[in-house]
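These notes open a run of structures that come right after.
In the two complexes that follow, subunit A is the common piece, with subunit B as its partner first and subunit C second.
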Partner chain A sequence: MLYTALLTLLSHWKRHPGQFVMLALGLALATALWSGVQAINAEARAAYDRAAATLGQDQLSRLERADGQPIDLADYIALRAAGYLVSPVILGDIRGPDGHLRILGVDPLTTPAEAQGPTLDGTFNLAAFFTHPGLLLVSQDTANGALPNDLPPLQITDNIPPATAITDISTAARLLGQENPSYLLVAANQPHNLPPITQATTLTLRAPQSTSDIARLTDSFHLNLSAFGFLSFGVGLFIVHAAIGLAFEQRRAMVRTLRALGTPLRTILMALSLELAVIALIAGTIGVALGYLIAAALMPGVAGTLRGLYGAEIEGILRFNPSWAISGLLITFLGTAAAAIQVMIRTARMPLLAPAMPRAWAQASGRMIRLQAYAALALFALAALLALVGQGLIAAFACLAALLIGAALGLPALMTGALSLIRPKGAFAEWVVADTRQQIPGLSLALMALLLALAANIGVSTMVGSFRHTFLGWLDQRLTSELYVTAPSSAEAAALMQILAPDVDAILPIVSAEMRLFDRPAEIFGVLDHPTYRQAWPLLSAAPNAWDQLATGDAVLVNEQLSRRENLRVGDIIDIADGLPIVGIYSDYGNPNGQAITSLSHFLETFPNILPHRFAIRITPEEAPALATRLRDEFGLPPNAVTNQAQVKAFSIAVFEQTFRVTGALNILTLGVAGIALLTSLLTLANLRLPQLAPIWAIGTSRATLAGLEMARSLALATLTFLLALPVGLALAWVLLTLVNVEAFGWRLPMRVFPTDWLSLFALALLAAGLAALGPTLRLARMPPARLTQVFAQER
Partner chain B sequence: MSDPLLDLRDIRKTFPSDTGAVRVLDGVSLQLNAGETLALTGESGSGKSTLLHLSGGLDQPDSGQVVLEGQDIATLDDSARALVRRQRVGLIFQQFNLVPSLNVGANIALQARLAGRHDADFTATLAARLGLSDMLTRYPEQLSGGQQQRVAIARALAPRPALILADEPTGNLDEETGDSVLTLLLDLVSETGAGLLLVTHSPRLADRLSRRAHLSRGQLEV
Partner chain C sequence: MIRTLLTLLLLTAPFHATSLYAQGFAGLGTQADGFATPTPNPTFTFPLDHGPHPDYRIEWWYLTATLTGPDGTSYGVQWTLFRGALTPETSDNWAAPQLFMGHAGLTTPDAHFSAERLGRGGIGQAGVTIHPFRAFIDDWQMVSTVSEGDALDALTITARGAEFAYDLALTATGPLVFHGENGYSVKSNEGQASYYYSQPFYQVTGQLDLPDGPVQVTGTAWLDREYSSQPLSDTQSGWDWFSLQFEDGARMMAFALHDGTGTPFTSGTWIAPDGTTQSYGDGAISLTPLSTTQVAGREVPTTWRLQVPDRAIDITTIPLNPQSWMATSFPYWEGPITFTGTHQGRGYLEMTGYN
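Take a look at the complex of A and B:
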C-alpha cells in the first residue's frame, strides 16, 4: 500500500518535470552555497591545524621569554647542562620584493621524538642539510610560489605548511641574522631526577597549542562566511518551500482521493516523507558536488583574503573531505524537513471532506499577517537591545539575524498596508489593486527572499564601499613617502642611506620587531621624529603634544585594534620595555594584530639586534622616478626592491579588492537564488491563478492586457520590496560597521552611502523580477482560449 | 433472511455554521441488501451526500449506527475506517476524482493495488466492458467527461467491493452519455453482486434502480 501511495505521489513529478527541476534546483543551490562555505572553512581550518602541528607544537610545551624576544644562548646551554631535554628553534620571516617565507630552524640532534618532522624520502641529502649553504624543506606549493631571492637550495617535502621552510638551525640563523633561539621545545618526558623545568629557569613555559593564533584570529572571518552561507541556504529554502507548497496544492485532490479510496493518513504522510527524502538525497548530492565546485573556484580568492587580512597561509586548493559532504547532505535533509513541515501539517489536518479551497496554502490569513507583524516588531526590539547592550561577535550576528528575520516577517504587513493606501479609480483599477493584495500572501515568501538578498546586498556593499572610501583616504595618509626601498641587508641599507642623504629631503627607516603583547602576537615599529608622521599619520585620538612625547622615547602609539581589544585609552601604561604611556591611537585597517609605535632611538635600544634594511624616502615627486632608476642602476637593487608610492597603493588596493572578492561572489549568488525563488513563486501562482483571471478575461479583458498586467505587477512588487530593503540594508550596514567589524577585526569605520550603487542594484532587482515574470507572462499571453474556458467547465 | 449489507440506524448529523448548528440528518434509518440498487433522491441540501459519506466511512455521525456487513463502522477510528473503504467500498464521485498524473490503466488499478487485490485479468475485463481498452495509456485530461466517469467506475469496481457508493455519477454528463454510463454501472454491479447506493437528482434515473428513497429536511420518505 505504501509503495502504491508513493508511486501515485511520485507520478505528479513525472507530469510536472519543470516543477521537479525547480524544487531540486532550489534545494541543490541552497545546499551548494552552504556546503561550499563549509568546505572552504574546513579546508582553511585543516591548514591551520597542520600549521599548528608543525614540529609537534600541538603536543609539546615550549619555553620562551615573556616579552617574546629571542632567548639567550646561555639560558639554553644551562638547561641542557642541567640535563633537561630541550631543543632550540629559530623562527622568523624573510621578506623579499616578490614574496615572503617563514623560516623554521631546528636542531635535529636535540629535537624531541614527539616533534614529528617532515616526511623524508630517499632523495633527502643529509649532508647538504647540515652544511653550507644548507637545504630548505618546503612543500611543492611553496616551491612553485613567489619566494624571496638568494635562498639555499629547496627540497620538496610533504607535511610542511604553505609559505614555510624547515631547515637546520645554523642555516636559519644565517638567513634571519639571528643567533639566539626564538624558543625552546620541551620534550614531554624529562629525566625523573630533575625538578620541574619552571624551577630551573626564568623563561616562561607555554602549554602546547591545540589551536594556533591564526585559527583564533580567523575565527571571525569563518563565522562571517558561515553567516553568508546560512543566509544563502535560507534564501534557497524559500524556493524549496514554494515548490513543495505548489506540489501540495496541486496534489490536494489526489491526496483526498487516496484517502477516500482507503489510504490511511499515516501512510500518506509516510509516503510524502519518503518522497521528500528521495528528492533531498538527489538534490543534496548535486548540491554537495556543486558546492565543491563553488568552493574550488572561490578557494584561491579565500586564500588571498586570508593572506591579505590575517597573514594566514593556506593553499589555494581544495581537498575533498567526507565530513563536510556528509554535513552538507544532513543539512539538506534538515532544510527539506523545515521547508516541508508546514505542508505536512496541512496535509495531516486536511479534512477528508472539506470543500476544495484553491490557493488555500498560499492565502495566509489576516491573522497570520498580523502575528508575523508582531513577531517582526519583537525581533526589531531584540535587535535594538542587542545593538545597545550586546557584547561579542555572536551578539552582533544575533542582532543581524533579528534585524533580517524581523524585516522579512514584517514585509507582508508593510506591503498590504502600502497597497491599502492606494485609492484606485474605476472598476478595473479596483480589481487590479484588490487582486495584487490577494497575491501578496502567495508571493510573500519569494518577496521575503528577495528582500533578504537585496538588504544583504545593500548592507554588504555599503560596508565594503565605506571601507574602500576610508581605506583609500587612510592609504593617502599612511603612504606619504615618494619611494620605498628594501636593501638586501641592514649593512647595505646603512651604506645606501649615507650615500643618498645629501640628495633627498629625508630618509625614514622602517624597522619593526615581532613580540607578544597581552599574550597575543604583536608588532612594534620604531619611527624617526619627522613632519611626515606628525602631519599625516592618522590618529583617532591623541594626548596633547603626542608626537613630542613620542620623540623623547618615553611614550608609544598603539593601533585601534589593540586599543579596542584590550580596552586601552590614551594615558594608559602598556607593558613595553619598563612600561610606556600611550599618547595616541591610530587607525590601522587591514591589520589583524596589535601594533605599537615607539621612537626609533627607543626601538634600537630595546632591540639592538634588529637593524633597518627598509626605508622610505622623501623627495620632490618629480625627482622620484630618476632616483628609483639610479638606485636600480648604480646600486644594483633588483627592480622590485624599489617601489614608488603609486605601486604600493596599487598593491594595497589589490589586496583590499581581493579581500572582498569572496563576499561579492556570495552576494551575487544569493541574489541569483532569490531571483529563482521569485520565479518559482510566480510559476506557482500562474498555475493557480487561472480561476481568478478567467472571469476577467471572459468579461472583456484581452490576454495581452492580463499578461502585461502580470508583468507590471511583478515589477511593482519588486520596486516596493526594494524600497523596503533599502532601510533594512542600511541598518544592516550600520550593524556590520559598528558591531561586527569592531568585534571581528578590531576597527570601526565611518558609514558612507552610495546611492548610485542602489540604482544599479534596483535595476538588477527589476531585471530579476522581469525575467522571473517573463515565462508566466508569455504563457498567459499565448494561452489558448480553450484552456481558460476549461476553468468554467471544471469549476466546483 | 440474511443480514442487510448496509444497515443505517437512527443516524443524526449536524454541521456547525455561522448561524448555529444545522441538523442535516435527523434520525435516518435505511437498509440495503447485497445485489440491491437503491436510488437516494432529494432536493439540494437535504443530506443525500452526507448520508452517502457516512455510509462509506468518509465521515462519522453524531449518533446512530452505520453497520456494514455486520460491523458498526461509525465507531471505528480513522485508520480502521480507511481499511473498510479500501477493502469493502467502491466510491464514484460526480467530479470523477481521478489522479491526473496517473494514466487510465494506473487509475483503474489504483484502489485494487491499495487494497492488495489487484487482478490484472479482471481489470482488463472491466476496461474492455467499459470501452476503455484503447485508452489505458492516456491521462485523464485527455478524456471526455463520460470517459473519465467510466474510468472512475472501473476503479471503484476493480477491488470487487461489497458496496458501491455513487454520488451524482452522471451529474456532469449529458443525458445520452449519462444513460449509457448508468447502464454499464448497473450491469457490472449486477454481475458482481455488490450493493449500490446512488445519489441522484433525476427521478428518471432513479426509476431505473430497484428501490428508491427520498430525503427531505434530514428525514427519509420511503
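Take a look at the complex of A and C:
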C-alpha cells in the first residue's frame, strides 16, 4: 500500500521535472552554502588545533617571563639544577625577501613525554639534527612554498603546522641569534618530594592552552562566516518551502483520490515523508559536494585573510572531513522537515471529501498577515533592546537576526499597506491593484528571501565601504614616512643611521617587542619624539599634551582594540614596566592584537636586548627614489629591505581587500539564491492564477497585455521590496559597524552611505525579478486560447 | 666495565625513531669516525682523567651500591652518568655536541625504581668538572668531598626519580684498580677495547627516600670509569657484567660479551683486599645461565653459575629482585645479587641486549 502510494505521489515529479529540479536545487544550494562555510571553519579550527598541539603544548603548562621576554639561560639551568623537569623552547620568525618561517627550536633531550614530536621514519639522521648545520623539520607544503634564503637542510615531516619548522634548539639559537629560551615547557609529573614549581621561580606559570591565542583571535571571523552561512541557508529554505508548497497544492486532487480509494492518512503521510527524505538525501549529497567545491574555491582566500589579518597560518587546502559532511546532511533533513511541516499538517487536516479548491497554496488570510506584523514589531523591539543593552558578539548577532527576521515577517503587511495607499481609477486598474494585493501572500516568502538578500547586500557593502573609506584615510595619515628600511642587524642599522643622518630630514627607528598584556599577546613599540607622530597619528581620545607626556617616558598610548577589550580609558594605569598611565588611544585598524606605544628611550631601557634594525626615513618625496637606489647599491641592502610608502600602502590595502573578498563572494551567492526563490514562487503562481486570469482574458484583455502586466507587477514588487530593504540594510550596517565590529575586532568605524552602490544593487534586483518573471510571462503570452478556455470547463 | 653503553644518538625519546632504536646496543659497534681510540699501555693522569674525554665517543661514571637497612633489609642503588659525543668537539652553548644521560636505580626485595635524565653539555645542565670533581645532570650529582688524596676517595651522590630519591656518602678504603692491561680493557677478539678503571672499595652511609618514607642505610659501593669510541665489535649485541664482593674483602669483576651465534667473549679482574689485581682474558671465566625470569615481556637469565677454575671459584648468583628492570630509553636489567657456593658474598649484575 505504502509502495503504491509512494509511486503515485512520485509520478507528480515525472510530470513536473522542472519543479523537482527547483526543489532539489533549493535544498542543494542551501546545504551547499551552509556546509561550505562549515567546511572552511572546520578546516581552520583543525589547523589551529594542530598548531596548538605541536609538541603537546595544549597539554603542558609553560613558564614565561611576565613581560614576554626570553628567559635567562641561568634561570632555566637553576630550575633544572633544583630538579624540576622543564624544557626550553626558542621561538622566533625569520624573514627573507620572499617568505617567512616560524622557527620552533626544541631540546629533544628534555622535552616532556606529553610533547609528542613529529613522526620520523628510519631515514632520519638524529646526529644531523643535533649538529651543525642542523635540520629543519617542515611539512611538504612549507617546503614547496616561498622560504627565506640560506636555511639549513629541510626534512619533510608530517604533522608540522604550515610555515613552521621544528628544529633542534641549537639550530634555532643560531638562526635567531638568541640563546635564551623563549619559554619553558613544564612536565606534568615532577620528581618525588619537590615543592611546587611556583615556589622555585619568579617566572609566570601558564596553564595548558585549551584554545590557542589564534583560535581566540579568529573566533569572531569564523562566527561572521557562520552567520553568513546561516543566512544563506535560511534564504535557501524559502525556495524549498515554496517548492514543497507548490507540489502540495498541485497534488491536492491526487491525495483526495488516494484517500477516497481507501489509503489510510497515515500511509499517505508516511509516503510523503519518505519522498521528502529521499529528495533531501539526494539534494543534501549534491549540496555537500557543492559545498565542498565552494569551500575549496574560497579556502585560499580565507587562508589569505586569516594570514593577513591575524597572522594565523593555515593551509589553503581543504581536507574532506566527514563531520561537516554529516552535519551538512543533517541540517538538510532538518531544513526539509521545517519547510514541510506546514504542508504535512494541512494534508492531515484536509477533509476527505472537500473539493480540490484550486487556489494559491500559501494564500494566507489577513489574520496571518496581521500576526506576522505583530511578530515583526516584537522582533524589532527585541533588536532595539539587544542593541541598547546587549553584551558580546552573540548578542550582536542575535540583534542582527531579530532585525532581519522582523523585517522579513513585516514585509507582507507593509506591502499590503503600501498597495492600499494606491487609489486606482477605473475598473481595470482597480482589478490590477487588487490582484497584486491578492498575490502578495503567495509571493511573500520569495519576496522575504529577496528582502533578506538585498538587505544583507546593502548592509555588508555599507560596512565594507565605510571600513575601506576610514581605513584608507587612516593609512594616508599613518604612513607618512617616505622610506622604510630594514637592516640585516642592529649594528648595521646604527651605522646606516649615522651615515644617512646628514642627508635626510629625520630617521625614526622602529622597535617593537612582543609581550603579554591582560594574558593576551600584545606588542609594544618605542617611538622617537618627532612631529611625524605628533601631527599624523590620529588619537581617538587623549590627555592634554599627550605627546609631551609620552616624550618624557612616563606614559603610554594604547590602541583602540586594547582599550575597548579591557575597558581602558585615558588616565588608567597599565601594567607595562612599573605601571604607566595611558595618555591617549589611537585607532589601529587591521590589527587584531593589543598594542601600546611608549617613548623610544623608555623602550630601550625596558628591553635592553632589543635594538632597532628597522627605521623610517623622512625625506622630500622627490629625493626618496634616489635614496632607495643608493641604499640598495651603495649599502648592498636587498631590494625588499627598502620599501617606499606606496609599497607599504599597497600591501596594507591588499590585506584589506583580501579580508572582504570572501564576504563579497558569499554576498553574491546569497543574492543568487534569492533570485531562484523568486523564480520558483512565480512559477508556482503562474499555473495557479490561470483561473483568475482566464475571466479577464475572456472579457477582452489580450494575452500580451496580461503578460506585460505580470512582468510589470514583478518589477513593481521587486522595487517595493528594494525600497523596504534599504532601511533594513542600513540598520544592518549600523549593527555591523557599531556592535559586531566592535565586539569582533575591537574598532568602531563611522558609517558612511554609498547611494551609487544602491543604484547598481537596485538594477540587479530588477534584473533578478525580471529574469524570474520572464519565463512565466512568456508562457502566458504564448498560451493557446484553448488552454485558457479549458479553465472554465475543468476547474471547480 | 662495558656497562650500559649508549650512543646518545639513539636516545631522543620524544622522536619515534623506531628503526634507530632497533639498532639498540649493537649500535655501539659502529665505526668511530674522527674520534680517538684507546691504545695499549695507557698512562692515566689524575684528577684529569676522572674528568670527561670529549674526543672519545662514549664515557661513563657508574656507581653501584649494595646496602642494608636498620632491619636487615637489603637494597641496591645505581647512579650513572653517561656521556656520548656526536662529534669530538666541545663548545659553551646549545651547539655543544656532548650529550649526557643520567640513570638512577633503586632496588628493594619487592620493588625496583628507575629514572632517567638527558641533557647536553655546553649550557651547564649536565657535565663533569675536575676542580672540584663533580659529575652532574640537573639535580643529580656525584661530588668529591676530599680535601687531599684522590678526588674519588670520598664522594656524595644524590638522585631523584618520580617515586624515590637517595643521598649517600661514600668513603674509599682501598686504591683505584685498573682492568685489563693497566686499564686497557680488550672487549673482542677483533681488538675493540676501552680504558677502564674502578674504585671498588667504598663504604657507604646514607638515606633512601622510598614511597613509604625514608630509610637509613649502610653498605659498600663500586665505581666504574670507562671511556672508548668503539667498544663493541660489529656482531656483539650485549653483555652480562658482574661485580662481586667476597666475605674476606676481595673483589672481582667479570663480564661476558655475547653475540647472536658464537661463544661469548669473557674477561675479568680479581682484586685482592689490598687492591692488587690479576686480569683474566677470554675463556678463563665461564658464565652459565641457570634459570630465566619473565621480565618486561622477555626472558632474562637471572640466576647464574660463575666459574673461575684458576681460583677454584664456583658460585651461583641469585638476584635480590629478579624484576630489576631499568625502564629507560635503552632498557636493561641491573640489580643487586647475592652468591653462594665455594664463596659467599654480595654484588651487582647488569645484563644488556636481551630484546
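Some notes on this structure:
In the analysis below, the second predicted complex is superposed on the first by the 786 of 796 C-alpha atoms of A that agree within 3 Å, B and C clash if a C-alpha of one lies under 4 Å from a C-alpha of the other, contacts with A are read in each partner's own complex, and residues count from 1 in each chain.
The rule is short, and it goes like this: contacts are C-beta pairs under 8 Å (C-beta built on N, C-alpha and C of every residue); 3 or more make two chains touch, one makes a residue touch a chain.
As the structure is a computational prediction, the values presented were derived from the model and not from experiment.
By the touch criterion defined above, A:Ala253 lies against subunit B but remains apart from subunit C after alignment on the C-alpha atoms of chain A. For subunit A, the partner touching the most residues, choosing from subunit B and subunit C, is C. By the touch criterion defined above, A:Phe130 reaches subunit C but does not reach subunit B.
Applying the stated contact rule after C-alpha superposition, one finds that A:Ala173 touches subunit C and leaves subunit B untouched. Looking at the shared chain after the overlay, A:Lys649 reaches neither subunit B nor subunit C.
In the superposition on chain A, A:Asn193 makes contact with subunit C only, not with subunit B. In the superposed model, A:Thr8 makes contact with subunit B only, not with subunit C. Applying the stated contact rule after C-alpha superposition, one finds that A:Pro264 touches subunit B and leaves subunit C untouched. Residues of subunit A that touch subunit B in their complex: 1, 4-5, 8, 11-12, 14-16, 253-254, 256-266, 352-353, 796. The part of subunit A that touches subunit C in the complex is made up of residues 73-74, 77, 80-83, 107-111, 113, 115-122, 124, 126-127, 130-132, 168-170, 173-174, 179, 189, 191-194.
The part of subunit B that touches subunit A in the complex is made up of residues 53, 56, 58-59, 78-79, 82-87, 89, 91, 93, 95, 97-102, 106, 110-111, 113-116, 139, 155.
Listing the residues of subunit C that touch subunit A in their complex gives 9-20, 86-87, 93-97, 99, 115, 118-120, 123-125, 136, 138-139, 160-165, 209.
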